[in-house]
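By letter and in written order, the chains are A, B, C and D; residue numbering begins at 1 in each of them.
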Amino acid sequence: MNDLISGIDIAFWALAAIAVLSGWRVFATDSMVRASFLLLLSFMAVAGIMLLLAAPYIGVATIFMMAVEMMVMAVFMVMFMMNPAGLNPMSMVHQQPLAIGAGVVAFIGLSAAVLTSPLPDQPVAADHRAIHALGIEMLGDSMLIFESAGVALLSAMIGSVILSSRSGRFGPADPGSRPPGLCEGGLPAGSVPDENKNHGMGHGMQHDTPNAAPQDTHGAHGAQGS
Amino acid sequence: MLWLLALLPAATGALLLASGVQRRGTLALIAGLGLAATLALVPVAVVAGWTGRLQWSGTLALQAALTPLSALVAALVPAVALPVLVYAAYRERATGLVRLLGLLLLFCGAMELLVIADDLLTLLIGWEVVGACSWALIAHHWREAENPRSARYAFVMTRFGDTGLFLAAMSAYAGSGSFAYADLARLDAPHLAVVAFGVVLSAASKSGQIPFSPWLFRAMAGPVSVSALLHAATMVAAGAYLLARLQPWLAPVSGFGFAVMAIGSATALAGGVVALLQSDVKKVLAASTSAHFGLMFVAVGAGFPGVAVLHLVAHGFFKALLFLCAGVAIDQSGGHALSAMRLGRTLPAVAVMAAIGAASLAGLPPLGGAWTKDAIVAATAGAGLGWSGALIVAGGLSAAYAVRWVWLAFGLGQASPPDKQVSLPTPTQAMAAAASLGWLAAASVLLSALWLPAVREHLASTLSTTLPPESSALMGAAVGAVALGAFTGRWLAVSKPTLGQGERIAAVADWWGLPALIDLTVVAPMAALARASAWADDTVIDAMPRAVKRAGQWLAHASARIDDTALDAMPGTARSASQWLAARLAKEDGRVVDRGVGLTTAFVGWLGRATSGIGELVADGVASGPAQLVSLGGQDAQRLQTGLSHHAFAALLLGTLALGAVLFAIRL
Amino acid sequence: MNAATAVGATLLLMLGGAWLVAVFDRIAAALVARRPVGSLWLGPLQSGASLLVSRTNQTEHPDALNWALAPALYLVLAFVGVALVPFSTSGALVDIPAGIVLWGAVESLTVVAVFLHGWSANALFPLLGAYRYVAVGLPIMLVSMFVLIAAALPAQSLALGAIVQSQAGLWNVVRQPLGLPLFLLLGLSLTLRGPFNYADSADLAGGTDAERSGPPRAVWQWARLSMAVSFSAMAATVFLGGPLGPAWGTAELGPLWLTLKTAVVLALLVAASHLLARMPPSRMLTLLWTVLLPLSFVGLVAAGIEAAP
Amino acid sequence: MTLQALLIVASALIGLGLYGVLSQQSFVMLMMGFELILNGVLLMTMAFWSFGSAGAPKGQLLAILVMAVMALEMAIGFALVTAVYRQRQADTTEALDTLKH
């Protein structure tokens, strides 16, 4: 019994370390795709902790949902991070001191609140049928909440389709979906093949894929960021 | 099981949309079969005594049941929709035809649901779907930018009325813990009053009564078949039907009867005048719809829902007939202007049908419409002769505009050769139109049987409703008014064919300027409110930082000016004064004190210069220093407003921290 | 059975199953092409061995970690999947109350693994393959989610054991006729096969696999085959009653029945992957969103009505 | 594994996410910050569910709602980013100052 509990503790601390470390690396890594998958790793660690907390459904559902979300995230990353595989070095941060301070303050404040305030202690029973209870709850008393969440998701889907559709209230999107100009409304980067190209990849790609075109604007953004 | 009545048309519509059928014939066949099956189901349902009950959750249940009256209406819907859909399948534009038919079928299904509903929840579902379908149908030709606007206008206006039905449902549930009609009896007076007037509000809005009438005109943006169905059997009919269905429970509410009769008779009179002065072939009919539903309202208010439903049936047939005739006329003459038609010789058969329809609209005996209208007049006898008089006048008006309409649209003018851009229907199309017109005309003629007392009694017993007592005097007056109105209408048609195209009359003919009034009282204030708040945001909110800055700058300039004018003057005057004094002394005695005075002069002059310099320094510092500080502060305050989201986040964070600090302090 | 034997049996099943899939592939290819089958039984082993001895190549600036780990991740996912399958009515290796949701997680992580495999190569064709695969792999996964939930409805539980028990009377393949076909499509996508092989297809010179050679390629291919096995076992469990056999011998012969059913599903999978044609991604997306997804809705509704008490 | 430990881990995640939200220039990275914050919130929810409420079902429901919020944020966020990118070709916060009156 005793060593079992200690085993759980070990697992918990390991998962917690993974969650926090990967959560930190998200903002410290170069490639945005890596960042999104690090975030996925952090989510999966938290999901593991939930499994330890005897909430199997929530934990597994977290893994499931976040894998999909982060997959989509990664695709968008590459779309907006402008270099074909999102592999170039990049650091795009601002108001760094404020951000660090805020993060630290939030962490310290919350931890202080946790440590100072009296916490409830009613652990969940060992034989608690969490999934069954959740199902009864969702389709019973809290049906309205659950349904309204579903309706909210539906409307979000519709809204996002309207917002991002090729031709909608924002007019035909094709002009906008052409690669951005180096200056506002200017010629798209890469439309004129420039010689001093020093990033490793993409020599062949410059003329093969539209992904190559935004490649240089990433450089522009980097300059903007630093 | 009773749900079939509602599901069958909807399923047929879905089938149409799913199966990519394009041939007009096939479309008409499928839609017709679906509706015919629905029509055939009604007697089955009545005989077998079908009911429907769907337990939604512990407390909510959807119920459906047929009373004799609702069975009659449930049969009316497919009976009218069948010819209309055949017409639509053959005569409407090919673009979006399948969508049109599918939506029309769904429309019928929703109406059937509304008819068979036995509780307010089911009713609401049908009600909403009917409204949504009407929006989609009015905006059917959405490529013309005006149509969607009209659809939105109609939709919003009816939506506003729907709130009444929601109020009614909530109040019923709050009062009795159930939505069922039967439980309305258990309601206490206040709740029941809310239910009653909520229902009246929504019924009035759906049936295009005053003040909601204008949406019926905007609804004319839809295709002809849509107008025909919408006015005859589905959308507009819902209001009157709802009142007739709920009348037994709502009648006890004090003021219910009066309100309904007042709305109805006002609409009947106003609508009659509007229809008489209109020059648009469809809008005449639209206004007449409002007027005739006004009559039904009066009947319900007077306590004879049976009569109202009978008139609903008669009106359904002849109004659909008239709309389809108008459609044919529009196709033929390529325009909506009544004055440019006179198609009697061009389309003799259609003209005959239109004459039948117009006769029933006018209330000329021995047609069914006439009897139901006179029955309504007789029904008001108990309520007081004032009502009866109003209705008799309204009947005369309806005779007038009916005769004027048919005379202008299908009178025997010279056979006008159709202008080139109008595409004449193919023989099959003409045949289909004739068939559907014939169906409706035959139904209108068959209803003449109502004049036979035996038929009437039998009907009353089967419908288990009470018919008002005959009153020969009222009958005579009504018939007289009709005759008078008919002659007036003919005279108007012959002598003033272009009536309703002048400014003033057109204004009256557009519901007495009611739309303008609505714009003025509802739309404009809303828009003004929106603009005002936007303005407040731009000026008031953003003003603060700018104001601070301006104040600072102004202060700086002002103090600088004071300092230049006033302060600098003092030392200067002192210097000149001393020099003047020195000159005087020098003139007094020449050389003696000359040198000393010279020194004095020099000293005083230096003093003056010095003081002026110091004074300049001090005064400027005192005045402009704070001013500059203030202005800097103002500029900084303005710089905070960058519009960059991360700055907004930072500000948000700081605010949150401040809030947390405050809360923490309070907790201590 | 104790854990050790179970683990051993699982490994055996995965190795043997993978080999069986390869054999099926050769047979099907030969049949479709109407040419004689080459060395049937040893062929897979020979090609695998040749891969194992050949050299591995490197691409320019790959994302080294993921480039190395992606095949392993894919393989691990296959094993996780098969570990969820209850071998006998007594239970599975990993028996958690939300087993079918965990399988869903395996599906979604498979998409991640394939994407990483293509992206980390930092080369054109693998990247394109990865993009195409993600675009098509996510929707079909949604379809499979609805199918699986429909299958879980009669059991009134998310645990695979309960789902097996719920098929004692009638297998889900009969009870929910829409389920197995849609789920097979998912299998095609999970194992990068036939109509859903947008990742490793020949029109991209091998797609995410284009830059691979040597042992990593062998691992990747084995992972594909093992994923086929684990998918088939899952399909057999969810739709064919898993270890349930005829009245006699369910208890002791459960693993045997499961293996047989798995082999049947494998055969179906291979046949489908060789017989169905592949469409352009755009048209495939239209098909997925406008036909298959609504179809799975219909199946779900039907299952709900059928399972309503 | 105590409630305190769980909550502190969660608050560490929240702090990291806050750092990301404030420090990242690219909208997409910024959304990752939000996701990380929500991650911490999710952990806190389940921690309280498991240790503080004896497994009240409402706790799990709350967690599910948090996930729904994540999904909403993703959908709307990406749609907005796409729309903004098409309109102004802006993908960093600096490039978008249209909030300024």
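Following the convention adopted for this analysis, a residue touches a chain if its C-beta (ideal position, glycine included) is under 8 Å from a C-beta of that chain, and two chains touch if they have at least 3 such contacts.
Just so it is clear, the model here is predicted, and its values are computed rather than measured.
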- So which one's got more C-beta contacts, A-D or A-B? A-D
- Distance in whole angstrom between the CA centres of chain C and chain D is 33
- Note on the structure: Whole-Å distance, C-alpha centre of chain A to that of chain D, is 8
- Item | Rounded Å distance between chain B and chain D, as computed from the means of their C-alpha atoms | 43
- The positions of chain D in contact with two or more other chains are 18, 21-22, 25, 93-94
- Note on the structure: Flagged in chain C as touching 2+ other chains are none
- Item | Contacts with 2+ other chains: residues of chain B | 646, 650, 653
- Query: Each pair of chains that touch: what are they?
  - Reply: A-B, A-C, A-D, B-D
- Message: If we count contacts the way the header does, which residues on chain A are in touch with chain D in the complex?
- Response: 8-9, 12, 16, 19-20, 23-24, 26-27, 32, 35-36, 39, 42-43, 46, 49-50, 52-55, 57-58, 61-62, 65, 69, 72-73, 76-77, 80-81, 92-96, 98-100, 102-104, 106-107, 110-111, 114-115, 119-125, 128, 130, 133-134, 136-138, 142, 145-146, 149, 152-153, 156-157, 159-164, 170, 173, 176-177, 180-181, 184, 221, 224-225
- Touch list for chain A against partner chain B, complex: 94-95, 98, 102, 105, 109, 143
- Query: Along chain D, where are the residues that touch chain A in the complex?
  - Reply: 1, 3-29, 31-33, 35-36, 39, 42-43, 46-55, 57-58, 60-61, 63-65, 67-68, 70-72, 74-76, 78-83, 85-87, 89, 91-95
- chain D residues touching chain B - in the complex, by the definition given at the top: 18, 21-22, 25, 30, 93-94, 96-101
- Hey, which residues of chain B end up touching chain A in the complex? 57, 646, 650, 653, 657, 660
